[in-house]
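Just so it is clear, A, B, C and D label the chains in written order, and each chain counts residues from 1 on its own.
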Amino acid sequence: MTNLLRHHLFWPVAALVALLVANTVASPSFLAITVRDGHLFGAPIDILRTTAPLLLVALGMTLVIATRGIDLSVGAVVAVSGAVALSYISSSPDPDSPGTVLTAVALALALCLLLGVWNGFLVSVLGIQPIIATLILMTAGRGVAMLITGGMITTVNSGPFKVLGSGFWFGLPVAAVLAFGVFAVVAFVVRRTALGMLLEATGINPSASRLSGVRSKTLTWTVYAASGLFAGLAGLLISADTMAADANNAGLFIELDAILAVVIGGTALSGGKFNLSGTLVGALVIATLERTVTVVGISPLVTPLFMALVVIAVTLLQSPRMRERLTAATRRPVATTPPEPQPAARPDSTEVKAR
Amino acid sequence: GNETGGGGEPAAADDGVITLGFSQVGAESGWRAANTKSIQDTLTADNGFDLKFSDAQQKQENQIQAIRSYITQGVDVIAFSPVVETGWDAVLQEAKTAGIPVILTDRAVDSDDETLYESFIGSDFVKEGEMAGEWVVEQYDGEGYKAVELQGTTGAAPAIDRKEGFESAIEGSDVEIIDSQTGNFTRAEGKTVMEGFLNKHDDIDLVFAHNDDMGLGAIEAIEAAGMTPGEDIKIVTIDAVKDGMQALVDGKINYIVECNPLLGPDLAEVAQKVIAGEEVEKRIVVKDEAFDQAAAEEALPTREY
Amino acid sequence: MTQQTAPPVVEMTGISVEFPPVKALDGVDFHLRPGEIHALMGENGAGKSTLIKALTGIHSPTEGTIRVDGVERRFTGPADARTHGVSTVYQEVNLCENLTVAENIMLGAEPRLLGGLHWRAMRREAATHLKRMGLSIDPASSLGSHSLAVQQLVAICRATVGDCKVLILDEPTSSLDSDEVAHLFTVMRALRDDGVAILFVSHFLDQVYEVSDRMTVLRNGRLVGEFVTADLPTAELVQHMIGRSMDVLEAAEHVVERAGRPAGTTPLLQVVGLGRKGSVQPFDLDLYQGEVVGLAGLLGSGRTELARLLTGADRSDAGQTRVAGKVARLRTPRAAMDLGIAYTSEDRKGEGVVDGLTVRENIVLALQARRGWMRPLPRKQVDELVASYIEQLGIRPANPEALLRNLSGGNQQKVLLARWLATAPQLLVLDEPTRGIDVGAKAEIQKLVADLAVDGMSVVFISAELEEVLRISHRIAVMRDRRKVAEIDGGGATMDQVVDLIAGGGAA
Amino acid sequence: MTTSAPARASRAWKIPTRLDRRYLPVVGTFVVLALMLVVGGSRYDNFVSPAVVSNLFINNAHLIVLAVGMTFVILTGGIDLSVGSVLALSTVVTAALLQAGWPTAVVIPLAVGAGTVIGLAHGVMVHYFQVQPFVATLAGMFFARGLCFVIAPESIAIDDASFVSLASWVQIFGGWRMSSGVLIALIVVGIGFLVLHFTRFGRTVYAVGGGEQSALLMGLPVARTKVLAYVVSGTCAGLGGLLFAMYSRSGYSLTGVAMELDAIAAVVIGGTLLTGGTGFVLGSVLGVLVLGLIQTIITFEGTLSSWWTKIVIGVLLLIFVALQRVLSLRRT
């Protein structure tokens, strides 16, 4: 029990479960999943699909936050990505050809990667504080997206592109498969290579890391680029979802949701130790929370209030102070054995000479 | 002319060119972009205008600042679409003192002093909601329809007014709104909210969306749930942008009430009249049509936005 | 001088502190009397700092009582302790680098004018405090612009401001040189004579013997006993501390092969006219394989700066470096690392430890960084490596997964050393590597350095402890006023000779 | 060995104290601001006129107050995302209560007090529950916005005579205009400056930002200081709301969306480090003026489409930050 309570994912998972329970109470068939045409359907599947873009953005955000940074520009990058891809498709003679769509996707992702590199440049080379560096792109990026679409919502009809939004692979929504797949790959790479540790070291003590030979600048640069790329992919999923590129509203406030997901997942904004599984749970919590508002039927007037209370509840329960309380209440008496064995051989030499 | 000296007295249109300062709310939607385009395309040098345009990015303080700046620059006419209805007395008073006439577009201001502005050109949001509601009642009254509502941004004037209009129109009929949630005027949120509704209720007959975009999002959700929009679930929206009209023609939307963004010509006309010293109407309600499928088919080819 | 009869001003009985699963203190009794300097002794990780923190309310003991002036108290924190006359200088320098020296000293007891801070008076008072400590720095300068040693002295100044009955100094002398130490001791004695009770922690036994009246020894979180300094021979003290007799204690005197450096071969590192404006004047230095070169100098003489130029931590703006005969540009620590040059900073907290990572991660950090992120060290290899260093250096707790921030100061230092040893560099630049390390481990490290040199590693060794430098070095470069003023052979050098050079009396 | 002390002394004092490094970012900001005025003045007629400069202050009085509060929080190493929402809440409270006929003298302290209470809640969450400031204040942001909607979703005009007369008080001297809002804002700046530089609380704010653990071990009242910093920020947001209500004579629940970013940007542009411990209130004021000036340039440009507006704001911000960075980097 104690171990369970102390586990860093306990409260986020508890929150997720609580939300699912609330939904099921409000709508008993909530958890039901049906199979239609070999595909899975139902609210949980919807949630997986709506989590997808947020998960991608939060993934990049986690890495950025690990290096003590923050990326406010992801929302704008989402908008740019959709705008580029859809503008390309809609202006191409054959929107239905896979070639067109692939080019559009590649174009959008390349541009977003570039935007990420730009952020990385400002932060790691010019040394501008991350929040301001990315604020620049947050403002200008949306302008660029609007410039591309002319401020209108660009709509396309393209079979291959629609697959991204509403297609199915292995019975699951393509968006979810993609996002969770990318997430898994990145998590694997980060944890199986030394990348995670080096990122954490950079975030905890940049000067010590530098002296230890960690290429902090390159790493910092890389995570911003990655964040841009993931946000770009998220932008494609979002625009494919409605087959429309809305430069004004696509990804609006997604940076806040992503940061919230990261924090709910137990990663501190002060950098250092990060926790990708926590981010995953955090993203699911937020997507479910949004769904809950509709299913439970909370009036739009009190929705922000409701959100605030949930966030406050989760963060308070997760706070170190509360954990202490809870673990103190459930702790077994500590064994009174000496801390650890004496080091085996200890050369008994000392310098006792007076100066 | 492009007088910038001193502020104070407006430079009368002695050279025949009217300098007009226009402060737009922002560029929050396709509708707004069309609105901006209409104004920019109409108030051209060819038509005898020198347009100064600024985008307030949805911030009242930016808009007040822009208006003040127009006053200092001494434009001939100021026009703007207020971000909010209230809070304009002080700055409008300044414009009045400076002798610069003010024209409101799209959204009204809430002020006791009607002399602060010359005219208000725009749609009547309550009326739009009513038109939508009336059509619904006319079509489906007596069938016990259960409706869900996709609201606009919480607190925004069109959202409040359209809701009010729709509700008042369906009063007395047996159409019932069983759920209502905000979709923030966007397709993406319209879709997610509709998904939620579909999870929760299995007896939805009708969707009333405060704009086309949310309606289009709802269509996606309904299709994904394996139902046919326009048949299994009827859809009524407001705005009549091109995409919405296309959906109406395709039978996925059943009825659209127009909210006309093409205010440019009206604005140009009123501005000219005001400068010429002619009397103008205080309230110019832009004629909003409503389209069913047949009307849409006819209108779609010439749709500008 | 000791007032045997005076009732203790601090009386701690049966104190236990736990950091599950570690029991850092187990039923420790401790008494501190007014007008005495009381040394708290023990190995790294024995629980000295923890005892101090338990007293001042940072850790709350699970058992035991604390009485101050006869009244039972549990302080809520340093602020509370201070209002009751207990002032503390903790082990790591805990001051605010972004504030001025004056603020760091006076904040909390600042002079006021019309209800606000009286800056002029504050600076004036701070200046007098600084002077008492023998420091003549500008009180209006920001603390961060000063070296660690100066900061440590400032921290001590701060503790003596206002009326304190109890002054606690946790390893205050770890980065001071003899000059400053002497000054500090004068101040401490003066305070003691005024009736202040002083608790003093140090790993320098000679200092302890010089200044303390009484000592309490801890081992493994348990009390060994309280002794009158004069009555306790050094050998016995060490035995109490490390828990075994000192038969095997060999004089560390000859740990280094004092054979002259291999002549004729090209130097491993050859530096000509290397310098940096505002930091170190251009200097020449040759380093041969298998050689230990000590840097001697006063506080602020520029030893650290020189070391940083050698290792790419700072960029030089003049001169040339050759590594193994080839011109090398050491623009970053990474570039230096790739050439086999490693540097441990003297600033353990700021530039050394990555305190949020585990012991294991800290040890492999540099090695891993050099391999690049794509080639992770195999887990098995890491575990073996880490285990061997934990054993070799006596790092405790011997748990590779412990967070570094939970280690005692001395053990953190050992981990840092392990990090660099793990990279097996050709040239290792050690800046105060034995800071805060206990007697046993210090000798072990000295021996290690000597062994490494025998195996062909070159070492640059900086220490505030001149004796250590003398003992270990083949050659000693003497620094004064940010200039290299002399280079002498370590074998023949005597203490007096070096001191003379340092102070500026010798040949420049 | 006695030679060492004087030798060291001479060296220490020799280091020239031209311009304290800490002031460089602020000076940088100031220089760039001046530069922008000059460039603007040469590009647009009437740009550098008393009217424009006065308007710069009048339009941004509320933001100045927000930035002052934000400076306190950021100096401690925290952040306050709620200020935009709290500002909105304060305008809504003001408008709603005035509409309900409450006297101005009661409404004003209530509106400001609402901010204080929310700030206090943030402080308690951040300090006692160790919730990260970003999250605590993000929750506060939702909470305040939610409260706005609950009180009144639609905008409420303020026509209370005494409030309007207070709001429309303007002093004019030769082209320069000073509104009551600007006066209040300047007073707040003055108080903020005095508090930060001449009180123990103020210096402790810096100390906490420099290192919370260190400040704690130095025996400084960290808890109180941190909580108080959020209280200051909350109060400033409440006051900012009041100023905004005076400025716009209305209360509206959607006011100040994303205004926290403006406030943060202003503070950071003004040379304050987000990691805490370094920065100045006056820098933040300069930061607000920079943002205001960017907006003014946009208006004067007069032909920018909505998207170019955004892009130009971004580019100006970039030029600005880069210039400031270059100016303050030239130190050693």
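Definition applied: a contact is a pair of C-beta atoms (placed from the backbone, for glycine too) under 8 Å apart; a residue touches a chain by one contact, two chains touch by 3 or more.
What you are looking at is a predicted structure, and each value in this text was computed from that prediction instead of being measured.
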item	value
Chains in simultaneous contact with chain B and chain D	A
Chain pair showing more contacts of the two, A-B and A-C	A-C
Most distant chain from chain C by Cα centroid	B
Between chain B and chain C, centroid-to-centroid distance (C-alpha), Å	71
Between chain A and chain B, centroid-to-centroid distance (C-alpha), Å	35
Centroid spacing, where centroids are CA-atom means, of chain A and chain C in whole angstrom	42
Euclidean distance of C-alpha centroids - chain A vs chain D, Å	30
Chain A: positions in contact with at least two other chains	146, 151, 300-301, 303
Shared interface positions of chain B, touching two or more other chains	27, 33, 36, 154
Residue numbers of chain C (touch at least two other chains)	178
Touching pairs among all chains present in the structure	A-B, A-C, A-D, B-D, C-D
Residues on chain D engaged by chain B in the complex (per definition of touch)	45-46, 49, 51-52, 55, 58-60, 62-63, 95, 148-149, 153-159, 167-168, 244, 247-255, 257, 295-296, 298-300, 302-307, 309-310
Footprint of chain A on chain C - complex, ascending	18, 20-24, 26, 178, 205-206, 209, 220-221, 234-235, 238, 242-250, 252, 313, 332-334, 337, 343, 345, 350-357, 361, 365-366, 368-377, 390-391, 394, 396-399, 419, 439-440, 442-444, 446-447, 466-468, 471, 495
Residues on chain A engaged by chain B in the complex (per definition of touch)	26-27, 29-30, 36, 41-43, 46, 50, 146, 150-153, 155, 166, 238, 241-244, 246, 248-250, 252, 290-291, 293-295, 297, 299-301, 303
Chain D-facing residues of chain B, complex	4-5, 7, 21, 24, 26-27, 33, 36, 40, 52-55, 57-58, 60-62, 64-66, 68-69, 72-73, 84-87, 89-90, 110-112, 153-157, 160
Touching residues (chain side chain D, partner chain A) in the complex	125, 128-132, 134-136, 138-143, 145-147, 149-150, 153, 261, 264-265, 268-269, 273-274, 305-315, 317-318, 321-322, 325, 329
